[in-house]
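All chains are identified by letter, namely A, B, C, D, E, F, G, H, I, J, K and L, in their written order; residue positions are counted from 1 within each chain.
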Amino acid sequence: MADKLSLLILNGANLSRLGKREPHIYGSRTLREISQTLTESFADLDLNFFHSESEGELILKLYDAEDSGMIRGIVFNAGAYTHYSLALRDAIAAISIPVVEVHLSNVFAREPFRRNSVLSEVCLGVISGFGEYSYHLGVLALKSHLSQKP
Amino acid sequence: MADKLSLLILNGANLSRLGKREPHIYGSRTLREISQTLTESFADLDLNFFHSESEGELILKLYDAEDSGMIRGIVFNAGAYTHYSLALRDAIAAISIPVVEVHLSNVFAREPFRRNSVLSEVCLGVISGFGEYSYHLGVLALKSHLSQKP
Amino acid sequence: MADKLSLLILNGANLSRLGKREPHIYGSRTLREISQTLTESFADLDLNFFHSESEGELILKLYDAEDSGMIRGIVFNAGAYTHYSLALRDAIAAISIPVVEVHLSNVFAREPFRRNSVLSEVCLGVISGFGEYSYHLGVLALKSHLSQKP
Amino acid sequence: MADKLSLLILNGANLSRLGKREPHIYGSRTLREISQTLTESFADLDLNFFHSESEGELILKLYDAEDSGMIRGIVFNAGAYTHYSLALRDAIAAISIPVVEVHLSNVFAREPFRRNSVLSEVCLGVISGFGEYSYHLGVLALKSHLSQKP
Amino acid sequence: MADKLSLLILNGANLSRLGKREPHIYGSRTLREISQTLTESFADLDLNFFHSESEGELILKLYDAEDSGMIRGIVFNAGAYTHYSLALRDAIAAISIPVVEVHLSNVFAREPFRRNSVLSEVCLGVISGFGEYSYHLGVLALKSHLSQKP
Amino acid sequence: MADKLSLLILNGANLSRLGKREPHIYGSRTLREISQTLTESFADLDLNFFHSESEGELILKLYDAEDSGMIRGIVFNAGAYTHYSLALRDAIAAISIPVVEVHLSNVFAREPFRRNSVLSEVCLGVISGFGEYSYHLGVLALKSHLSQKP
Amino acid sequence: MADKLSLLILNGANLSRLGKREPHIYGSRTLREISQTLTESFADLDLNFFHSESEGELILKLYDAEDSGMIRGIVFNAGAYTHYSLALRDAIAAISIPVVEVHLSNVFAREPFRRNSVLSEVCLGVISGFGEYSYHLGVLALKSHLSQKP
Amino acid sequence: MADKLSLLILNGANLSRLGKREPHIYGSRTLREISQTLTESFADLDLNFFHSESEGELILKLYDAEDSGMIRGIVFNAGAYTHYSLALRDAIAAISIPVVEVHLSNVFAREPFRRNSVLSEVCLGVISGFGEYSYHLGVLALKSHLSQKP
Amino acid sequence: MADKLSLLILNGANLSRLGKREPHIYGSRTLREISQTLTESFADLDLNFFHSESEGELILKLYDAEDSGMIRGIVFNAGAYTHYSLALRDAIAAISIPVVEVHLSNVFAREPFRRNSVLSEVCLGVISGFGEYSYHLGVLALKSHLSQKP
Amino acid sequence: MADKLSLLILNGANLSRLGKREPHIYGSRTLREISQTLTESFADLDLNFFHSESEGELILKLYDAEDSGMIRGIVFNAGAYTHYSLALRDAIAAISIPVVEVHLSNVFAREPFRRNSVLSEVCLGVISGFGEYSYHLGVLALKSHLSQKP
Amino acid sequence: MADKLSLLILNGANLSRLGKREPHIYGSRTLREISQTLTESFADLDLNFFHSESEGELILKLYDAEDSGMIRGIVFNAGAYTHYSLALRDAIAAISIPVVEVHLSNVFAREPFRRNSVLSEVCLGVISGFGEYSYHLGVLALKSHLSQKP
Amino acid sequence: MADKLSLLILNGANLSRLGKREPHIYGSRTLREISQTLTESFADLDLNFFHSESEGELILKLYDAEDSGMIRGIVFNAGAYTHYSLALRDAIAAISIPVVEVHLSNVFAREPFRRNSVLSEVCLGVISGFGEYSYHLGVLALKSHLSQKP
């Protein structure tokens, strides 16, 4: 797997409930199923998956990624932490790996508090509203971005 | 204990300090003592107790309760997380078990930031201001609510 | 009735319409039926009921209760006055009888203007969201509170 | 009068002073004169008039109208209560009769506090700025609306 | 047509889609059908109709009306421009012809941004919520207003 | 009493409780005692006193005063209505008698909501913070003001 | 003059222009004339007058008054400093002499920025809107207040 | 071209200046070059391009797309209109074609006014921050979305 | 005209009505007359004039000016677009020609919404309140600015 | 110098530091040099210069100018006092001499707090962003304004 | 070590990255190096160090410190938790040990969200902006504070 | 004294009252006593002291310090000017000497208006809450800072 581009797919608060949680909003597929589909779709990449409900563990994972020297980009769905975790924001700012913020639902068309992300300002870009395909687009965005770097 | 109605009494940030922490506000009895009194008062119920200072662990406990298939209702005192943990809010929304939000003190008569709960909108109801008896009322509210369900 | 604990169940704006008004929110039982059930449930108490659409009459009733020397606690559902009647707030603050604020619906899960109560700050506590059982819990809360007083 | 369509023309705070009160804003005709003109203009309707300075009495009148089973629509000028009486708002929401909110002056071209109505959201529609003719338009609006109902 | 009173019925953003656009909100009749009905209802008037999606063209039409010397009043449904077009506001203020602001739906009962009109302050009055009959009422309001002018 | 200058001392919400209500804020003298002292202090004036907890009755009293043709000035302590009763504001604006707004306590040094008066803008002036002597100063202010009128 | 009660009449920003400055708002009499009338009206008091355009000098004067040991009360018209000088506020709070805030015009009926006083919270009370008679009332308020102190 | 899926790539305010305008933010390639690359990348699709500086023309184009019956999806970069054009918002809501909002730069990491989009709430989703590749991702998102529809 | 310095005098919303529109605010001279006077006053310059009510056309004119290679500076009175047209703002930012924002009236002394300009931040400077002489000063400002450039 | 038009060039907080203070913002020339250039440029005028760091002294100078009977106009750069000195605002309002507010830098393109001037509302107009030439334009604006007065 | 004064140096979110994270803001030294220097500088003290990315663990550490009976003071750099962790705030309030809030950078000169600390209100004091020397000052502040206690 | 490092200890509004003013907040020692202790504690430094109640004089002192060429750092307690004196802010920004903002009390734990400093953004750092020892820490902070400069 050494020659493949390594990316991290990072999932935060409540994403372990995908498939069970409000399926009319988040779809009926589990995080495991979504991950499997991504792995199959991107056979040319080394996709790594991590999920935690804990803000602190997500911060540590961001640093692990940086310190590993292997991960070249991160697709991050922080769940509700998106809207208030300044600690995650500082962690993203503290690492040099580009991070793409993704959301399954269109967070701009839901409750007002979901319109504001404290992470966006330090991310490469944002993708929101395409169900599990948001992850797919996030991976493509990173591939494109990384291919332009010397 | 199989035939009893099972409820979870869930406690969040700083509630481990009850009895020691600002007793003029929170009373002089510990969480253990309060739990014991509740157990005695509700001999007809199967009351389960859990406390954590960690937002992530509280989320996991909510999911454990759901997945156990045993817990029929939750009395939740989230402490200060009440006022900003959108992750806990999403977890409550993600499970089907009814949750009653309780507070020992009258949170509406204290600092302005305590007036706002990000959890209330997804809870069954709110009980605030009756000291440890708030838990008692919360249990009764759940009993009443569950008895009306077919 | 002299030896029973006397409480006042006070109802404000639009509560006369219970049973007819938006039953999906407020339930299908009338205020009279609710009162009757309360009286039956608390045969050991002397429950007094009063309702008015008028802010001024509600203020006067609060003072009557105080001046009677009989009423030991008040369960108060002020209806929409909850959200702006500073005059009622001052009346509650002006009497020494403890007042418990109750709501049938979970006011925190409805229109934004219902999230703010100008009364809570001067009440003993708040109970919201348990239908007519909110009154029941309010009576219990007062009983518990009054039993702790010397 | 049995076969005529019955409507209620309801007037709230300070409208008893029409003709005397700031005539450059509200015109020089009294509420009685305006009512008479309306009655004459709509000989085919059974117009009923009620005025009160009291929020509570206005609420009661709304319920009387509903309970009478006669009134089919209400033209309501709540005066300054328009801007803060959530109790009136809830009363309008609690009845099934359609209510048209009217104002003599153009409330949007005066002091900022007059721009906000807490009633509009639960009314059929709003007519503002045409002097006493606003009532006339309100009646017409109700006639048109009621004629479309099966 | 020289002796008839001439009015302009002016329609702004997105009103060309009436009949097709969200019919549960705006009704199922097209702007053409509504115009025809108005013309028939007011055979004694010379009603002129103009619609544009362009803010600039609407401003020009307001000036054309003024410069024509023929138009005596304007019924204006500016669509979403109502809520932010200060340029239209200044144009209305710059002409001497009275303008009545109308809306098909009750704009005060929809999204918060629709509650604020930047035009109302310089209009004669506002009519909102009566479907296509709002235009009818607007024409009547102008007729009444113009008949009172010397 | 015909030749004396007639003034109205008008008291609103909760002022009937003076002497009993929070005496550290409002003093220990009743409204009756305060009125008696005023009458004695101003033997050269015809002082009339009225109190009501009801917003509607206060409005009616303002109109009665105007219609009596006798009252030349009003000293008004509206209690908590000061902070939200736009209906009282409109009533004050609707009469020609000058009104002086008075408060026993210094309302600017208490809860934030007491800093805002919706009445001040239509009153002659404001006097706040001198206990029952605020009424005394209010009477003097009116005497001085009325003596300057031709 | 030793046996008379000594008060300080303190004037701040722009009050030197009285008589010349916007006489429709502030009256046509100069500060000197107003001072003279006050001195004559209160022959039983030792009234001291000071005016400065400088915030710093006003602070120093407040301290001089305190340090003199003679001044028993202060009537203070701070002019526009009323609305932002937190330094003056701290100076008033730092001295033990009671201060009455006065204004010639009714500051609550003018520009919005004049509605807020940063001084009121640390003053004994506020008098606003009675022209130069506001000073007169301020002196009386202090006399009354000081006579109640042991 | 009949059998290919037809999409519209719609560009609004100031996007004609791409390549010349602030290239450190928007890149150095012109809109024409970007369009050409898209056409080449998606040979299996029928991509249509339209640009206008005019809000009105953009609205008309959205309606043309709907009326054509050919266009199945729209990738829309509205430029600065994104942040205030409620007229465009209503147009997007008025059509049934799904619209994906795209931005070249990460609008959440620039001036505060760029953080708010009035369009997002009625779009399928949002893609922001990937330079011209944002269009590429928008097309993919639509392809994926449309392939899931029956 | 080749050797003269070329400037563009650009006018936006409602400025075509100068002379007719609220002359107490905007003066009694037409845009044509003002332009003529400017041309005469600056015989040494090549002044070009353009006016449009359309936001889109104003944007196009800004780009035309840039692309012409002739225009060295722009005096821009955007009318009401000043307060919300972020599209015009982006257009000004996108060109390299310096733009001076001018207003006939003192926009800071009128309605609150006129105090905010979304254009100022990307303009060279602002001149407001000197009637048609504001244009004159704008031209002088540009001449001075351009003479300092190498 | 008797026959020349006399103007005052008034400078407030921190303008003594010109030339030394942040020259990339304020330029490298001192206030003395700027004054000298102005004097030379306007040999036909009697220009008077005054600077003070003190709010109180600036107020006094405004009054001196008024009382001198000589000064016909004032060009005023109040520095940071622009943004909060309501005392200076009242002083400008209190005199009859027209005042032009000037700024060296474009205050609208810097920190948010610099966007708001409490002085503009009572000034003739505002000129901002042209370096020392702002003073030059201010003098011209006054000359033009004064020449139009009878 | 028994006789030395024991202090806890507590570090929160992202401080493990010191030396690597944005060194132009936070300096180039690691937390370990900073700790070592502190230990050397304060040989007379028993300094204890703890770091965690987890809000819950930080709360537990605060309670451990209290329960140990050894720790006399805490120097706390909470990182981004400073700005929203009400749970940490309550924990600080719940213990009796004095806490000094420190920051490496001057948090008041960075992004607006960093200006607000939810912890300061319950801390002894705040030190911000002196790089790693902020810790040094924090230790000195505690030493001084503790030496004044009896 | 030539070889010692020279610092300025600058005190603003109301600090002359230390020892007399609210000693429970500010301590019981005078500014003179505090200065003396500082001088003794830092025998190796040349400490200079200056106090003024006047904003203008404080600005001048800051410039004197800069112009003297002797002062290497400033410890500044601006008192209440901290919260609104933008003129002082600009003066601090205009000089090159580093300034440390200090406060005796913990300004973040008092009235809300004291939480905001307009000076912090242009200071080196902030120290608040350690009584007179705040000055001591401020001197140490400057010493440390200056020792790191080449």
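In the analysis below, contacts are C-beta pairs under 8 Å (C-beta built on N, C-alpha and C of every residue); 3 or more make two chains touch, one makes a residue touch a chain.
In this text, all values refer to a predicted model and were calculated from it rather than measured experimentally.
With steps allowed only between chains in touch, the distance from chain F over to chain I comes to 3.
Contact with chain A and chain I alike is made by H. Over half of the residue-numbered contact pairs at K-L are shared with one candidate from A-H, G-J or H-I, namely A-H.
Because chain H and chain I share one sequence, their contact can be compared position by position; here under half of the interface residue numbers appear on both sides.
Chain A and chain D have CA centres that are 55 Å apart. If you average the Cα atoms of chain B and of chain L, the two centres end up 49 Å apart. Chain I has its Cα centroid 32 Å from the Cα centroid of chain E.
Shown for chain H are the residues in touch with two or more other chains, namely 54-57, 84.
By the contact rule set out at the top, the touching chain pairs are A-B, A-H, A-K, B-C, B-K, C-D, C-F, D-E, D-F, E-H, E-I, F-G, G-J, G-L, H-I, I-J, J-L, K-L. Those residues of chain H that touch chain A in the shared complex are 106, 108-109, 115-117, 120-130, 133-134, 136-137, 140-141, 144-145. Contact residues of chain G toward chain J in the complex are 12-14, 16-17, 20-22, 52-57, 79-81, 83-84, 113. Against chain K, in their complex, chain A makes its touches with residues 54-57, 59-60, 63, 84-87, 89-91, 93-94, 118.
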